[in-house]
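Listed after this line are the structures, all set down as structure tokens.
Both of the next two complexes hold chain A, though its partner changes from chain B to chain C.
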Partner chain A sequence: MPGMRLARWAAAVPMAALALATIYPLVFTANVAMKTRRDYVLDRFSPAASPRFDNIAEAWAGAGMARYFANSFVVVAFSVLLLLLLGSMAGFALSRLRFRGSTVIFLGCLAGLFVPFQVIMVPLTRIMADSGLVDTYPGLILAYVAQFLPFTVFLMTSHYRTIPAEIVDAARIDGNTVYGVYRRIMLPLGVPALLSVGILNTLFCWNDVLISLLMMPSPEHRTLMIGVNSLRGQYSDDIPTFASGVLIAAVPVLMIYLFLQRRIADGVTAGSTKG
Partner chain B sequence: MRQQRWWAVLMVAGLAVTGCGSAARTESPSSGKASQEQRKLVVWDWKSGEPAAATYIEKAKADFAGRHPGVTVEFVAQPFDQYYTLLGTAIQSGKGPDVMLFNGGGQIRDRADALLPLDQYVAADKSRLAGWDAFSKDGKIYAAPVTLQGHPIYYNKALYEKAGLDPAKPPATWDELLESCAAIKKATGATCFALGNKEGAGIQFWMSGLGSGILTPQEYDDWIAGKRDWSSPHVRRIFELWKEAQDKGLNNEGANSTAMFTDIFRVFETGKAAHIIGLMSDVGHWKDFGEFLPPDKIGVMQAPVDSEGATPSLPYDGGIGYGVAKWTKDPELAADLVRSLTSTGALTAFYAKAGAIASDTTIDVSQAGPAVATIVQQIKAGKPALHVALSSKTLDLMGRLSQQLLSGSATVDEVVEQLAASDRAG
Partner chain C sequence: MAPAVLIIVVLRLWPLVLGVNFSFTGDGELNGTPVGLGNYLELAADPLFRTSLRNVGLLVLLLPVAVAIPGLLATFIYLRVPGHRVYRSVYFFPAVLSPVIVGAIFNLMLGYDGPVNAALGAIGAGPVDWLGDPDVAMFTVVGVHVWATFGMALVVFLAGFSTLDASLLDAARVDGASLGRVIWHVIIPSLTRTIQFVFVTTMIGMLTSMFGLLFVMTSGGPEGSTYLPEYYIWHEQGQMNRPALASAASTVLFVVMLVVGLLQISLLRRSGRQD
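Here is the complex of A and B:
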């Protein structure tokens, strides 16, 4: 028994260190956000002597964060919805339907995972500009869908492949059309994977800076991360206000993790065992 | 039925999104007042979003609106760290703003092909503004200077006093500097230089800040003219001193891991270092230090002389300036906006609020304190900064090599050899 206890402690110490390393940046950011610039310059690591929320209010109101927040929400919501719809349909088709060229299409999707955004940003900008989609919500949504669809298709295809083929066959024997099989059988069975992919895509889209900068040049259409970035100048360094912006931007992400962490874990392990 | 409802929701949502957020620029041709009423000019920069530049932008917009009442001007403040990436994309795709901000030197020269020569539009401003060279290539002007950017060596007079040194007589030679720094270190614990080189930018400040005390005037002028002799012992000496300063503990701890623009000016202003090679535009300068160092405690000294024949001078160029894109629909209108952005009224506001040494030589700076007075006094005899003459590619390489020099993983000879090759390649 003492051996077991020792082993538990041996495991607990590195785990605690890992937890601390993860939590500390957040605590540090929150602490800096509550300091004056002067206090920060004199000692950035000390606890805020008299915590203040002026910086957060300034970052929220002064930088127009409410607008950026709304923009991000609209763009991310529609992007993720489209990604899930298209990704799950493509995943179902590529994993369960037999048609000529399916392997080539799947490999094409896989290849999309290996193309860095920087490689396609010039042609993408040109196409979007020529199509009149620059500085529009649909333009940014399409860009996000194009960028993250390969990842979504790959994961959904992998997930659907773990579902026994007999289920699909049984559904067809029961008289379902292909679309009926997708909607009544595969879509519900894909929920754990859809949740994982949805959460990950939400984070990708929410945290993006470069695509959003390229697609949304007008200040009033910018997303939250651009708003946070705009709190920094070329050389200026009002770090407490910037930290406040970072904190504001991090809240939705933290909420997702806090409330959906079980779902994320379920999604990751979904299909890993049979029976 | 449920299926139909589902698709209906999706379609409505799609239509809602499509309906929102179109802000395409009006592309009407512009001649005459009627067309001006529908015109819109888009400006990209990284300054207009900063509080210190707010009054400057307001003044410039008001000046422009007075002459072109029907024209809308939209400033788009881009994050600086993404600015040239975005600009590069805009240039390559031929879609972008009408007017854009540039740093002087390599950043604008590398992109001159995408810009409109402004000579005919800014002729009347030539004598009033200084710093044109940094925005010129092959004899043509591609942007009008807003600020002058230079690298004065600031020193903390309070630390000099504590060390028993005369704050009115800063060291004039490298050896005197070493003696003064030793005295300051002993009395106050402060290091000699505040140096941040995390991004590899510290070496640029070092080269330009100290260069005029190391190169002879002829070597200096040749360097600026493009006849750079990398085999000169004086050029080699710039990098030797860079390494020597680190090896002798003249720099603050962790120079290679300290960010220049967010952290290093704080090291100086809080008295942890006695000297800093700073800036004279709108940050990293006398006014920026004011929260901790009152104006009478900030001194500006010339580069300490290290080589016989060297004649110290203030290194400066045009700092930032606005240029006009080649693809703009109405070049005259866009150029006129550039003129408003460099008008005396706007630049006076920039100087007053941000403390920038503006490009306008007619602005009265007599109330700004001794440091500004010294800088302005030195402008007449000043010369372009050494690092600005290098291409951005060579500057990137120099940044990386400077880190290796500080960490001891490259020798001075290796560094000079690689830089010479890069410089020759152009």
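Here is the complex of A and C:
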């Protein structure tokens, strides 16, 4: 293609600029987090004179972030485990067991995928309140499971469809119960998909704002993201400490990203290509 | 599988029915009594709700930009611009950050004395009140949303490219086609399905996952200029204690999403057939 070489190099410039625009906000925030308040007011751009971690310690202790972390951790861990268990069981049943109504049920799960949370949030909050589940860990966990289960079932079903039916039949002939087939065969064979879906669900639940805002109103039950937002009021005149809090909250996700970015991308694309 | 189905039906599909039903009843003292279309008439008269719908229109207008950016970038990465491997991971990383973190970072970036205005100052442009000017704020929030999410669409595009028939590109190269012609005549027609998928998911993302940014960055202001239906629903339900009115808004949002989704699919189908 004439001009290809030129176009490639011409594209490299805006692409590099965009990469900088992607990274710089985080670098800026990290730099601010290392500054003293005085340095920040005088010059917010210069590199922090000597990196200091006082702000980080202050944000961690002063804002009670340990509590938010623990809340988020418990809720996300249970939600994701439940999602994987229920999702893989349903995926197995829908892909490899023949029973009446399976198509209807699969379509029902798909329909769930197209109902955004905003559309059902009023009645869902009401159901949760009527069941006494608002402001409890099980309530939020159940809300997350309900929110992300259709997606999980969908991905697990399409993953299990790629596994030859003969394997299931052979295991049945060898005398396994349905449950035995699930535990001995489908669960181990599902591991790659379970990993991708698990990581995605972890990110979804960990990053969520709206659902936890609705389901966990009291301050001591706040999840990390709501906690971080409440730092804003507390440290409105101490931006470096606020930036530190933001940074602390971003670190776990950045770590996951650094180590597992391929899996995250795989999970995102699995939904698009298998559809 | 039964528990999965139970959760999806009870906590996702059933609330949809409940919500629609609920939207025809009154709030407050009229709690539970049928009011017919009362809530819908009230919505139509509410300037805040009208703004939120106008902003949906704005999102639809900005949608092609939000799809074209990742599409073009994916094209250049596919054509192996220098550094293409790095760009893929750099561009994707904001997509894993929570809207709360992104919002907090950009509150620092877009401050009156922040880096963005400093950069504008360096090229001689005046500072902009990014989040305080009613004419600008919505564009700012959409811009930040695009910053945070274009990596998702990029990865989906790249997955689409991996299914592209390389011999078509080679043929075009032999024929001496220019880059623009290759994109128009080879890449776009071959990726119709991917482009459709990105259009629909980007639109859904804009309608349903900007709550976190709105919550952190503008709280709907200034002067209500950054309301979206999802923020309106949350506000009426949680802050104003008008759940039935919020349900009516939810129903409108659901209809808007269905219409936009179906319209996009049929439009893209038609343009796909012409090629």
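Keep this in mind: the second predicted complex is superposed on the first by the 213 of 275 C-alpha atoms of A that agree within 3 Å, B and C clash if a C-alpha of one lies under 4 Å from a C-alpha of the other, contacts with A are read in each partner's own complex, and residues count from 1 in each chain.
We adopt the following convention: contacts are C-beta pairs under 8 Å (C-beta built on N, C-alpha and C of every residue); 3 or more make two chains touch, one makes a residue touch a chain.
Everything quoted here is computed from the prediction, not taken from an experiment.
**Student:** For A:219, decide between first (touching chain B), second (touching chain C), both and neither.
**Tutor:** first
**Student:** Looking at the overlay, does A:230 come into contact with chain B only (first), chain C only (second), both, or neither?
**Tutor:** First partner only.
**Student:** Contact-wise, after the overlay, does A:210 reach chain B, chain C, both or neither (first, second, both, neither)?
**Tutor:** In the superposition, A:210 touches chain B and chain C alike.
**Student:** Which chain makes contact with more of the residues of chain A, chain B or else chain C?
**Tutor:** Residues of chain A touched, chain B against chain C: more for C.
**Student:** Using the touch definition from the top, say if A:239 reaches chain B (first), chain C (second), both or neither.
**Tutor:** After superposition on chain A, A:239 lies in contact with both partners, chain B and chain C.
**Student:** So, does A:126 touch the first partner chain B, the second partner chain C, both, or neither?
**Tutor:** both
**Student:** Per the contact definition in the header, classify A:183: touching chain B only (first), chain C only (second), both, or neither.
**Tutor:** The first partner, chain B, only.
**Student:** In the overlaid three-chain picture, which partner chain does A:53 touch, first (chain B) or second (chain C), both, or neither?
**Tutor:** A:53: touches no partner chain.
**Student:** From the superposed pair, tell me which chain A residues show up as contacts to chain B and also as contacts to chain C.
**Tutor:** Common to the two interfaces on chain A: residues 121-123, 125-126, 209-210, 213-214, 226, 229, 232, 239.
**Student:** Within their complex, state which residues of chain C touch chain A.
**Tutor:** Those in contact with chain A are residues 1, 3-5, 7-16, 18-19, 22, 73, 76, 79-83, 86-87, 89-94, 96-101, 104-109, 113-115, 118, 147, 152, 155-156, 158-160, 163, 172-173, 176-179, 182, 194, 197, 201, 204, 207-208, 211-212, 215-216, 229-230, 233-234, 237-238, 243, 246-247, 250-251, 253-254, 257.
**Student:** Would you tell me which residues of chain A are touching chain C in their complex?
**Tutor:** Those residues of chain A that touch chain C are 1-4, 7-9, 11-12, 15-16, 18-19, 21-26, 28-29, 32, 44-45, 86-87, 89-90, 92-94, 105, 108-109, 111-112, 115-127, 142-143, 145-147, 149-150, 153, 203, 206-210, 213-214, 225-226, 228-229, 232, 239, 242-243, 246, 249-250, 253-254, 256-257, 261, 264-265, 268-269, 272-273, 275.
**Student:** Of all residues in chain A, which touch chain B in the complex?
**Tutor:** Within the complex, chain A touches chain B at residues 37-38, 41-42, 74, 78, 81, 85, 121-123, 125-126, 129, 132, 134-138, 141, 183, 209-210, 213-214, 217-221, 226, 229-230, 232-237, 239.
**Student:** Which stretch or stretches of chain B touch chain A in the complex?
**Tutor:** My answer: residues 3, 10, 13-14, 17-18, 20-24, 42, 44, 46-47, 49-50, 52, 74, 76-80, 82, 85-86, 89-90, 92-95, 97, 261-263, 266, 269-270, 279, 282-284, 291-292.
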